[in-house]
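The next part holds the structures, each set out as structure tokens.
You will see two complexes here that share chain A, one where it goes with chain B and one where it goes with chain C.
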Partner chain A sequence: MASTAAPHTYRWSMPATWWTRNRHYFLYVVREFTAVPLAIWLLWFLVEIKRAGDGPAKYSPHGSTPFVIFSVVCLGFALYHSVTFLSLSGLIIRVKVLDKQVPARMITFAMFGIWALASLVIAAVLIGFAR
Partner chain B sequence: MSTEVREHKPAVMHLFWWFMFSQGGVIAAQFLPVHILIQGILGPLNIVPVVDRHYDTWIRILGNPIVKLYLLVLIAVPFFHFAHRLRYLLVDFGVPAAKSTPAQVIFYGAAVVVTLVTIWVLLTTAPISFG
Partner chain C sequence: MAEKRITIQATRYDPDKDSAPRLQSYDIPFPDESMVVLDALNYIKSHVDGSLSYRWSCRMGICGSCGMMVNGTPKLTCSAFLRDYWPRPVIVQPLNNFPIIRDLVIDMEDFMHKLKSIKPWIIRKQELPLGAGEHRQSTAQIDEFRQFSQCINCMLCYAACPVYGLNNEFLGPAAIALARRYNLDSRDEGLTKRLPMIADSEGVWECSFVGECSVVCPKGVDPAKAIQQTKLDTTMRFVLPFGNRE
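Up next, the complex of A and B:
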């Protein structure tokens, strides 16, 4: 005789520490977490721009030791984001030249090249227009 | 017997958010590390002269419309990437509600708010100047 009881719903759950059990899981979470420090740094940058509107007498750029330490931490996360994100570009971007698929490795190499070139140009502007 | 023809509409909004996610990732990867290195570390430590360390050089470059457009893209677009990453990080940490429509409104709405604030800051901080 078949049971008439309502079926129980299976509730799938992961242990809270799943990401600490495997190096790859941990690095995945670190990659996703890069969003937090980078967002905070960009908000600071926006404040720095806004402060320029206060006039020459009130303007003083951020330069405290905690801020520099925070920037060093953010630079680590930013570089990790750049390397992991640009490394995937060969898998994501599909380019055909003369009906032939450009190799993924070449696209990844080009993206890292653009990163280096863009960094040089931005650095030249930030330093070149200073006094 | 009825023959039902299912209409396939292009998922325009889905396309839009994925586009913003990928572009935000690219912009953060390509441009952000050098800003953090120079404006967050080398400038405050006085290792190199940087444009934002003095009011006159900073306000002059902020008035350039191309710089304003660049800063808008640099600051605002990565927040759409961050919103997506943090939403799915919450899902991975056992918060399925982060997939819901209200969560999407909160996360992507925050990115839209950052975009609007950035536009406001860039338009009100330094008058547009080609000099």
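Up next, the complex of A and C:
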């Protein structure tokens, strides 16, 4: 009679260095880790908002050179995330008008347009408050 | 003129004798530029070592059974030309992220289970009698899902996916792409039956968009796209009023 026992298999396990095996994996991990300095910057931003709550007379924004450099680097990371995310929007978002699929490029273009508009509105609000 | 030769290093693993897989080297003739890695394995099996085990069937990139790691990249060995690697040795290993049964043969049980779980067939709320005729589709309706129907279940995308490698509870690229294929089919009415699997935390939401599944697919399917589109669709169903309508 044939044995019904499950075959003895070798269990594969992912090595801790998996992300060094391939350029795409490496870039993926770099992309994921850029979120860490962004999160730190946003926490700092919350602290600044809290400090600003004491009124304009007592508030002076943190403007040391290392912090400005850190902010510029974080801006670069934020732009990188935004551009890669919005560039893919045309592939992912499916919109039909009059039963016809809107071309992916048009959706991507619209997303970048909305992004630019939202940035302008936020900038206007912040500048308005600063005055 | 000296005969052109190539070195093939293939994984050997005998579950009754070996505690771990090892590489065995074979130096074989390489007389024909059109030889692929599968031809090399078949040469080894026929002329050098008959005990080497691996899966293959059609030799023309259709059946999806000869997927292996070739120099660290998931490939259909019937489409991986030796000339692209020569004179370097070619390292042939079983697909990553799966248990190894013997040599280059992996255990595909987990994949088969996941594939079945997304109900990859057309589901109708009420079947029409045969006499009612065919379910007609326009070209535009076919174009909606055509690329996702090209999947040959070769599992290269699972071998390339580090998310599946780290957590094999993840439903995985091919299963989700196939679910998308049926959900986009105008003849299908089974979306709500598939949602519990694909919208689960181990479904589309486990994917962190590495994108390598789409890079290695030999048939040009874009599982990463299917997953991100499904994320958006399931979110819209949750957020929008009447989003859960059929």
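Observations, loosely collected:
The working rule: the second predicted complex is superposed on the first by the 107 of 131 C-alpha atoms of A that agree within 3 Å, B and C clash if a C-alpha of one lies under 4 Å from a C-alpha of the other, contacts with A are read in each partner's own complex, and residues count from 1 in each chain.
Note that contacts are C-beta pairs under 8 Å (C-beta built on N, C-alpha and C of every residue); 3 or more make two chains touch, one makes a residue touch a chain.
In this text, all values refer to a predicted model and were calculated from it rather than measured experimentally.
In the superposed pair of complexes, A:Asn22 makes contact with chain C only, with no contact to chain B. When the two complexes are overlaid on their common chain A, residue A:Val68 makes contact with chain B while staying clear of chain C.
Of the two partner chains placed by superposition, only chain B is touched by A:Ala78; chain C is not.
Within the superposed three-chain model, A:Leu91 lies in touch with chain C and out of touch with chain B [touch as defined at top]. Applying the stated contact rule after C-alpha superposition, one finds that A:Met106 touches neither chain B nor chain C.
Contacts of A:Arg11 after superposition: chain C is touched, whereas chain B is not reached. By the touch criterion stated above, A:Phe33 is placed in contact with chain B alone, chain C being left untouched. The larger set of touched chain A residues comes from B, when the choice is between chain B and chain C. Once the two complexes are laid over each other on the shared chain, residue contacts for A:Tyr59 go to chain B alone; chain C is not touched.
In the superposition on chain A, the residues of chain A touched by chain B in one structure and by chain C in the other are 14, 19, 32, 92. The touching residues of chain C, when paired with chain A in their complex, are 13, 15-16, 18, 20-21, 72-73, 96-101, 107, 162, 165-166, 208, 210-212, 215, 222, 225, 228-229, 232.
Chain B meets chain A in the complex at residues 22, 25-26, 28-41, 43-45, 48-62, 71, 74-75, 78-79, 81-82, 85-86, 88-89, 92-94, 114, 117-118, 121-122, 124-126. Considering their complex, residues 7-12, 14, 18-19, 21-22, 24-25, 28, 32, 88, 91-94 of chain A touch chain C.
Against chain B, the residues of chain A that register as touching in their complex are 13-14, 16, 19, 29, 32-36, 38-39, 41-43, 45-46, 48-50, 52-53, 55-56, 59, 61-64, 67-68, 70-72, 74-75, 78-79, 81-82, 85-86, 92, 114-115, 118-119, 122-123, 125-127, 129-131.
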